[in-house]
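Below you'll find the structure, written out as structure tokens, and then a few comments.
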Amino acid sequence: MPELQTVLDEIAASMASMTERGHVAHYIPQLAKVDPNQFGIAVLTNDGQLYGAGDADAPFSIQSVSKVFTLTMALGQVGDSLWKRVGREPSGNAFNSIVQLEHEHGIPRNPLINAGAIVVTDVVLAGHKPREAIGQILRFMRSLADDEGIYIDNAVARSEEETGFGNRALANYMKAFGNLHHPVEMTTGVYFHQCAIAMNCRQLATAGSFLATQGRHPLTGIKVVSSERARRINALMLTCGHYDGSGEFAFRVGIPGKSGVGGGILAIVPGKASIAVWSPGLNKVGNSLLGSLALERLAKAMDWSIFGP
Amino acid sequence: MPELQTVLDEIAASMASMTERGHVAHYIPQLAKVDPNQFGIAVLTNDGQLYGAGDADAPFSIQSVSKVFTLTMALGQVGDSLWKRVGREPSGNAFNSIVQLEHEHGIPRNPLINAGAIVVTDVVLAGHKPREAIGQILRFMRSLADDEGIYIDNAVARSEEETGFGNRALANYMKAFGNLHHPVEMTTGVYFHQCAIAMNCRQLATAGSFLATQGRHPLTGIKVVSSERARRINALMLTCGHYDGSGEFAFRVGIPGKSGVGGGILAIVPGKASIAVWSPGLNKVGNSLLGSLALERLAKAMDWSIFGP
Amino acid sequence: MPELQTVLDEIAASMASMTERGHVAHYIPQLAKVDPNQFGIAVLTNDGQLYGAGDADAPFSIQSVSKVFTLTMALGQVGDSLWKRVGREPSGNAFNSIVQLEHEHGIPRNPLINAGAIVVTDVVLAGHKPREAIGQILRFMRSLADDEGIYIDNAVARSEEETGFGNRALANYMKAFGNLHHPVEMTTGVYFHQCAIAMNCRQLATAGSFLATQGRHPLTGIKVVSSERARRINALMLTCGHYDGSGEFAFRVGIPGKSGVGGGILAIVPGKASIAVWSPGLNKVGNSLLGSLALERLAKAMDWSIFGP
Amino acid sequence: MPELQTVLDEIAASMASMTERGHVAHYIPQLAKVDPNQFGIAVLTNDGQLYGAGDADAPFSIQSVSKVFTLTMALGQVGDSLWKRVGREPSGNAFNSIVQLEHEHGIPRNPLINAGAIVVTDVVLAGHKPREAIGQILRFMRSLADDEGIYIDNAVARSEEETGFGNRALANYMKAFGNLHHPVEMTTGVYFHQCAIAMNCRQLATAGSFLATQGRHPLTGIKVVSSERARRINALMLTCGHYDGSGEFAFRVGIPGKSGVGGGILAIVPGKASIAVWSPGLNKVGNSLLGSLALERLAKAMDWSIFGP
């Protein structure tokens, strides 16, 4: 087995020289401004060692990676009753996003696509004021990352609010079916803020590490979820974590992961390590192009695929 | 860790007493005649030990489980060029099966749904006569199962031919897009025969075991596929192996598997074991009800989930 | 040819004795309260004679019948450039409403379904304040009906605002594609108010009469639209005026018409007469059950089908 | 009112000089060979006068125009019970063709799209041998056209059989739902032959004339259908006769019509005339580009729109 830091350094060096870097998300104006020539990676192994390479300390907008954490919160609040309001199946191609909502009467296919994550946020809200719910999510992230420096990028949040009509359409649509309990603006407001959380790779790898360790955080020792729940969240990430590129990611990389349009990916090697990678350019299905490639190389080098040695 | 034979015996005993057993597939007349009060399970561990319980020696129609093996053959014949004709993404709900073909211009979403498996069979045909291709598939299965007794149930094959209009619709549809190279009746003819292969759990667990062992068959020692290809087939089974219940199976069971409407499931624990389970009654998405439950219990008892201990 | 008043009286008498009356719209609470045992019909012939029978003087919520009038206004304001933002094709079945929006990038299929009518209202708004646009629509209706008594039922408007999440979803969705120029709440606010206009059959038949008379109002003498535009609006009503029952209405009744979920239908006999009919109970595709039946009988009795004598 | 022959001559002259002529259907090899620089038009007025201009005597493949005639035959054979197997609604956009079949359990939306016409042909077959059914259809066409010279172009029929996989997909799909009573190859074989009927504009205008005359053929005096059935067939042509261009055709031309990919259109002016027009180049939704334009001009010049003078 090669030395992990060496592998990360080699990957970071290799990524720095790539010319095909994908396209930065353009539909959220604030994200469109990000320099695509960045790449960071961090790994927290289950023994508590934190490794990093490239721009591992540069904060980025975690966007949909936040869905893993609000899902964890919602399951903590309402347990398996969550699954009455959201499914556990991959969504098929992007084209079907809203027709499936129609076909399945307002029940989104899984909690890691936008519609499902909006329902999850609606659960987290739980009658509180949006400001309180946002605070609660932020505290949860700080606690998991073991770092009080994590913040919400308000310019990004505003940018999302100004352009988030697609998400409001989903929210209204689910509300028409009775699957949104708070006012649309309230739930989407919290959702836009959770997406705007800024973290760097070291923080994100640390925050997700409980999923690699049967639910107990390797640094803080806190039992975040049961081992069964950790397994199940990993399973959801594997089947649903990369939108319509989930099958491809499983095929090429072979570990559970959740991507965001900010270019970040959280990936979990059960029993071994938590990984955060970031590069802003996206492939055609909206996942970080270099991030996916880096994870493919890392999993291969370290023999980390869950589908076999 | 409990003793495997004990676990299997307990599971078989428990399944015998279940009253809710799902519904036997009715759309293929021959399958509708099968007694639902059957349950078999077999495990071949990577050290070459074969365990069984219940009706592990009763032959059943493997149906779509055959897709894993023709996929292996097609990849052996044409390599990664196969992926120009078939995708690698979960298909979303059943409803979308044919509209996705339309939307994606005749390229099926993955090789483990019917449309994709028909393309795979078209690749395996490779200009040969149907009789030869069927013979080749059967020899491959016998070789993998290390058992010359495996046969095609001709009554089932005829039953499929007499009722397989949905599959012919898919085949014609793909042919309209140029993604079927042989005449429809020829390709579907081979396809109907591969589905009609009869095997018992011991044979099926043995036949699939190369996927748990980096591609080298634990009994015969033959290198069937590379370790990378074994991992990738496992990834496809995990994301796409249970139709619109793939996410649920990953969530509950946590190991790659492929089901058939005959009630069989092949499941792979990478690095550890190959499992075949069979019970004819299906759940509402078409996967063996008791087979899925048995695998959930087995994975839990043996700590075999790929998503974490 | 029978005497028209006699025919109307016979139809009204016949409808009074019908026991199968359909179901009153339930999703707008105010509409759900309406007594289903009502039926009214009025006809304004092109020579200026107004006939009525049954509850022809009872006001009802015109709902989607308003779409014909805002379409007329929007065409007056922006002419054929309207067709860049909305199509002219029937929408196919209800199931496809929102997937078609997705497939056609936010361009609704026609101006007589909800999505299209929301775009039309967005055109009518034209930068004005909602209150002004609502006033303008109301003045247009009063002018066409030659009756200052027409009003907006504010309880219905509020009821729509409280429950109109499906329409807000459509509006947000189109805004995500850039096909809504005002804020969602502003455009849908006006839309909810236009739907809540209350009119009786005599007023509605009078208001729509310009479509039967080459565009010149038979009572006021005002040229509302050109003869070509009148023909084209009639064509749109024929192909798109009854949602997924448009084909059936053309098949059975054979004249252009537009229905609303309040149970009203405006129907036009080009060159001859304008008809308004109302009965609150709806058939399974959302059109007035007795209204459709009454029109079928009237068209047959008077030989008014546009598809042949 | 202008003199009809003069109008036709002017239209034919005008069409001869058009440079934008659309694209000849390419997916049926025999049709792809047709010279696009042709245009013919013929009108049979209800008083029995036959007018023609341009290539009115050149035979062409009537293709889907044949659907109107097999529909007439099927209604004659089984009456309104036909509507249990096929609907009467426009199909919405082309994209939905097969998903709607799926959603509506094998019942095609209307008899003028391919799926519906295949069911209609299945009704016409009625247990006979394909050869007999084809002969029966041909005799019906000859009788209506009052011309024994009408024939089936066997090269076109073979071309359709060799490439008609999309239609076979539809037929198999409906058979899977039980909505095809004969073997797929038998029904589609007849269907391919009916599409390959060759006629010229004079013959086609004559053949369709019963629809303009309350069902009684103006030349032969034979009562082909009741006046009600004639009206209803006209209504179906208006709402469904031009695939996803039906709304546009109603909007621009304003008379019932049925197009074929051979470039022919049959159009009916109820109470006045039957029109056949032909020009091989198609617009983007598959209807004759110049044929549609010629009908728009003719309807305008003669004041023939059914939606008002």
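So that you can tell them apart, the chains are marked A, B, C and D in the order they are listed, and the count of residues begins at 1 in each.
Basically, a residue touches a chain if its C-beta (ideal position, glycine included) is under 8 Å from a C-beta of that chain, and two chains touch if they have at least 3 such contacts.
Protein identities per chain, from UniProt: A, B, C, D = Glutaminase.
These numbers come from a predicted model, not from an experiment.
A.B. asks: I need the common contact partners of chain A and chain C, sorted by label.
C.D. replies: Chains that touch both chain A and chain C, as defined above, do not exist here.
A.B. asks: Same or different interface residues for chain C and chain D, judged by whether over half of the residue numbers are used by both?
C.D. replies: Same: most residue numbers at the chain C-chain D interface appear in both copies.
A.B. asks: For chain A, which other chain has the most distant CA centre?
C.D. replies: D
A.B. asks: Measure off the straight-line distance from the CA centroid of chain B to the CA centroid of chain C, and report it in whole Å.
C.D. replies: 55
A.B. asks: Measuring centre to centre with CA averages, how many angstrom lie between chain A and chain B?
C.D. replies: Roughly 32 Å separates the two chain centres.
A.B. asks: Would you mind listing the residues of chain D that make contact with two or more other chains?
C.D. replies: In chain D, the residues touching two or more other chains are 95-96, 103.
A.B. asks: So which chains end up touching which?
C.D. replies: Inter-chain contacts occur between A-B, A-C, B-D, C-D.
A.B. asks: Taking the complex as given, what residues does chain B use to touch chain D?
C.D. replies: 95-99, 102-103, 165-166, 168-173, 175-176, 184
A.B. asks: Considering the complex alone, what residue numbers of chain B touch chain A?
C.D. replies: Residues of chain B touching chain A: 87-93, 95-96, 100, 103-104, 109-110, 211-212, 214, 227, 230-232, 234-236, 238-240, 244-248, 250-251, 254, 256, 270-271, 305-309.
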